[in-house]
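Chain nomenclature is as follows: A, B and C, assigned in order of appearance, with residue numbering initiated at 1 for each chain independently.
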C-alpha cells in the first residue's frame, strides 16, 4: 500500500478528482509543482507544495518542497476517486481550500474593445505566454472595475495550462497577490507600490505582464477615449 | 492598526487582518499533539511548538512581568541601543589613569565576592597582581595580606570594565580604551597576556610577573603610541568581518587578531621605541591568537551598557562569573546582581588535564554572549568544535536555539551559513524562564588549583536560578 | 506477588493526551497489571496513589512519573521499554535533519516560523495566557482550547486582541472552523452561506450538524469561549467575530450559538447586531428561549429551506411511554448539549440537579450523587483539571454509566456522543459495549433501562453518523441527531414527566 499524503483541492478543479480514475499526462514536474494535463483542452491540474506559487486551480500540499514526484514529463498517472496516484505515493484530497476571487463591480456604461488583447492570445514563450498573462490581468481588472468581459475566449490558441488560467481569470480567480492588487486598484488605494511589488515577484515575466493588463484597463476606465481604445 | 468593517472586496483592510479571506489558513500549535495531527490530516500547514512548561514556581512573576505594559517598548529601546552602540579603539592607558584605580584596590571578574569564597584561579591571580604591584615580597606574604583584608576588591563591571577569566586588574596594568560615540561612553579591558601560564588563569610564578612588567614597560607604551598616532580603529567592523571568517569572538579570535594586528602594525613599527622592543612587541602580539578577545569584550560591554537601565526592560545586560558565582544583571533592575553557583564547563582538556582539574566557570568574557556573539554565533565558527567539544550539527543548533531566547537578530553580526541571518541578540529573561533554554556560552577552563593556568576549553551555561530571581525582581519593579 | 516500579524524570514534559496514549500502550503490554505515565500534578499523584503507586516526595507538575506494576521483573522491564519507545516515537516526529532549526518552543516562535494565521493553544490553563498574549503580539488570531484560564486574563487577552485586530477564540473553546479548516473538535460539513459565532463548542457542533443534515453549509464558525456572553467579558470576541462575518463576502447570514448568556449582554449584542446589515439569528439557550434544534428550524424557515426529518434510530422493545419509575440521568461530554437537555427536561420534570446547575441551589456535591433527576457535564472545568477532555478520555463517564446501571433510582440514561475531527476515532464501539453492559446489569437487577444517545455528527465525519448510530442501536440504544429529540425521547419513558 502506497503512503497517501493529504492535500486540499481547489473548488475550480475538484470535479477533475471526483470521478472514476482516469489517465492524466505529466506536462511539467518542478521541485515545487507538478502539472497534470487531461484530454480536454484547457484542463490542467496543478499540484503544488506549500512554498510554491499557488495557482487558483491547484491542489495544495501542506508541506514545502523540494519534492520528488517520481514522474517525468510525458508520464501518465491516474487521477480520480479523490486520489492522484503517483508511482511511489498517492495524494489524497481531504478538503477544499478557498481561492481568492476578485469581487465583480456594478457594470459601467463604457464598452471595452477586447479585440487587440484577444488577437494576441498565445503569443510569447513558456507555459504561460506573455500575451495571456496580460489578458488575465485585464480580465481581472475589468471584473473589478465593472467592464463587460469578452463573450468568447480563444482558448484553443494557447497552451492548456495558460488557457486554464485565462478561464479562471475570467471568473475572477487568480493568485492571491494578484487578487489583492486588483482589489486595491479598484478601491482607489493611494499607494499601490506594495501590491505591485508582490505581483512583480510572480514568475520570470508573468508578474510584469499581469500588471500591464491591469494597468490597461485601469487607464481606460480613468480616461476613456471616445472610441473606447486606450492610448 | 485600526480595525475596519469594510471588506477586502472594496479595498479597505479586511477585519481580523484578513483571517476570513485566508485561502488555506496556516496554524501554529502549542500543547496537545492530537490537534496538530488532526490538522495535518486535513492537509493544513502546521507548525508545532515543542512547548514545555516554564521554570518551576515562576507563574506569578511571569504573569506580572508579561502584564507590564512598559515591557515591549522598553525591550525594543534597550535592543535598539544595544545594536546601535559604537566601539572604537581610541586609547591605551594604565588602569590608574583610565579608571582612577587606587593603589591597593584590585578589580576582578564576575559579581562581587569576598576572599574566603574565591576559587583557586581568582586567588592566584590576585596574589600575582599583588606581587606585580610590589605590595608583597613573596606569594605567601601576598596571600596573608589578601586574606587579612588589607586590599579592596571590586568587580570590573562596576567600573565599566571587563576582564577575561580571573579578570584581575591592578593600577599599573595597561588597558585598551574603547569609546561608544553614539551613547558617549567608554569601556576598558586589560591587554591579553597570551596562552599557557598567565595571570588571568590564576598563575603567578616569576615568568608571569616578569611578563606583566614587560607589558607595562614596553608593550603598553608602544600600543598607546600606535593607537594615538593611527587610531581610532572600528572594533565592531572587525567583529562583523571575523564572524564571516570562522570566528565566534569568544573562544575563536584568529581572524580578528590578524585584522587587529594589521590595523595596529603601522603605528607600532613607527612608534618611538627601540627596534628590539618593537620587534618583541610585534612578535608577542602576533603570536597570540586571542589578541583580539580583549577588544571584542569591551566592544560588547559598550553595547550592553547602552542597553542597561531601561525601566521595564527584561533584557540581560551582564553575564559574568568569578569562579564561584555566576551573576547576571538586567536592564530594568538597575545594579542588582542575580547569582547562582557557577557551573563547571564541559569540553576538551589540554595535555593530561581532566575534568577534576577544572575550576567552575570564570571570567567577564560571557559579555560576548550577552551581546550576541561567542556561543550565540557558534554556527559561524564550526571549527570551534575542535576546541570546545561538541560537533558541527551542535554548533548549528546552538545558534538557532538561541533565537528562542533573544529579542532580535544583530544587523551587523551575521552568520553566513544561516543565509547571513543576524546573530541572536538581546537575551530576554522572560524567554529564558518560559522556555527553560539557558544561554550557550563558549569558554576557556582554568585549573582549579591556584597557579595552574589554563587546563582546557568548553561549553557552559549559567545556573538556571539566576533567571527566576531576575524575573521576580522585574515583577517587583512593575508599577502598581 | 507482583512487582511495582515508580520512577520520576525531572523536567521531562509531555502533554496529557500523549501521556494518556502512552499509558494505554504500556497497560496493554503482556504481563503488565497496571501502568500510569503522567506528569506529577497534585491530581495525578492522587490517582497514582489510588492505583497503589507511591510517588516520591518532591516530584512536581514539570516532572514525569513512569509507574508500572507487573507479575514479575520481566513484565516491569517490558512495560518501561514500551513507555520509552512510545515517548521517543512522539519526540522523533519533532527533530529535524542536519543543520535544521530546532522546533520552536513557544507559540509566538511557531507563529513566526510558519507565518501562521491562527495559533491553536492547548497548554495547561495556568500557562495559557502568556502563550496567547505573545501570539496576539505577533499578529495571529488565537484559538485558546485551554480551560481554567481566569476571567481577568480572558478580558485582558481580548482587549489586546481587539487592539491588534485579531480574534481570541476562547478560552475553553473546543470548536472553530475557519475557511473550511476544522480547529479542535469540529464536524466535516459543507461550505455554505451561514456564518456561525459560538460561545459553545458542542452547541456549535450540534447546530452545524443539523444544518448539514438540512443540506445547508457554513462559511466559518468562529468560537468565542463559553464566557464571552457573560457580563464579565461583555461579548468582546462576539462583536469582533460578528463584524468580521458581516464583512465576509462568503457569509450572507449569521447565527450566534451560546450557553445561557447574561441578559444585559444579550440585549446590547442584539442592538449591535441590528446595525451590521445582515441577518443575525440566535441560538442562545435559556429558560423561555428555543432549544438548539428549534433555533435551527427557525433559521432554516427564515432562510427559505425546508426543515427535514431529523435522523433517528429508535430502539425496539423499550418500556412503554410513561411506564418507567426512577429519574433521568443525563451523562454528557458536551456542556451546551447538557444545558440544552436540562432546559428541556426542567420543563417536564421540574428541578434537575447538576454540576452546571440552572440555579445555584441545584448544584451537586463533590461526589456528584443524587437520587433525583440529574445531568452531569463531564467536560466542565471542575472535572478536567489535570486530565484530558472526556471526548478524548471517556474513563470517568464510562465508570458513571456502570454505576447508574446498578442504581435502582436511575430510570433512563441520556448520553451524548460527539463525532468529528479531534474526537475519539472509534467512540461508538466503546460506548456500545458500555451500553450493552449497563442494560445487562440493570436487567440482572430486575429493571429495563432505556438508553438514549444524542449523536452530534455528519456522514462525512471520519467516524460517520450512520455507522456510529447503527453501532449504538445494535447495543439497544435509541439514537438521535437532534439533541432535543433525544431528550424528549428519554423524557417520554418517565412516569414523572409532565
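The rule is short, and it goes like this: a residue touches a chain if its C-beta (ideal position, glycine included) is under 8 Å from a C-beta of that chain, and two chains touch if they have at least 3 such contacts.
Per UniProt, the chains are C = Fatty-acid metabolism regulator protein.
Bear in mind the structure is a predicted one, so any value in this text is a computation, not a measurement.
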Between the pairs B-C and A-C, the one where more C-beta pairs touch: B-C
Middle chain, criterion being Cα centroid separation: C
Inter-centroid spacing, chain B versus chain A (mean Cα positions, whole Å): 53
Geometric centre distance via CA averages, chain C-chain B, whole Å: 50
Distance from the mean Cα position of chain C to that of chain A, given in whole angstrom: 41
Sites on chain C at which at least two other chains make contact: 179, 181, 249-250
Multi-chain contact sites of chain B, meaning residues that touch two or more partners: 7-9, 21-24, 41-42, 44-46
Touching two or more other chains - residue numbers and ranges from chain A: 95, 97-98, 103
Residues of chain A that touch chain C when the two form their complex: 11, 95-98, 101, 103
Chain A to chain B touching residues, read off their complex: 5-8, 50, 54, 60-63, 93-95, 97-100, 103, 176, 180, 183-184, 186-189
Interfacial residue positions of chain C with respect to chain A in the complex: 179-181, 191, 249-250
Of all residues in chain B, those that touch chain C in their complex: 1-3, 5-9, 13-17, 19-36, 38-39, 41-42, 44-54, 56, 59, 62-63, 66-67, 72, 393, 396-397, 400-401, 403-404, 417, 431, 434-437
Chain C residues within the chain B interface of the complex: 11, 13, 15-18, 60-62, 90, 94, 98-99, 101-107, 109-111, 113-124, 126-127, 129-131, 133, 135, 137, 139-141, 145-146, 153, 156, 162, 164-167, 178-179, 181-184, 219-220, 240, 243-251, 388, 392, 421-422
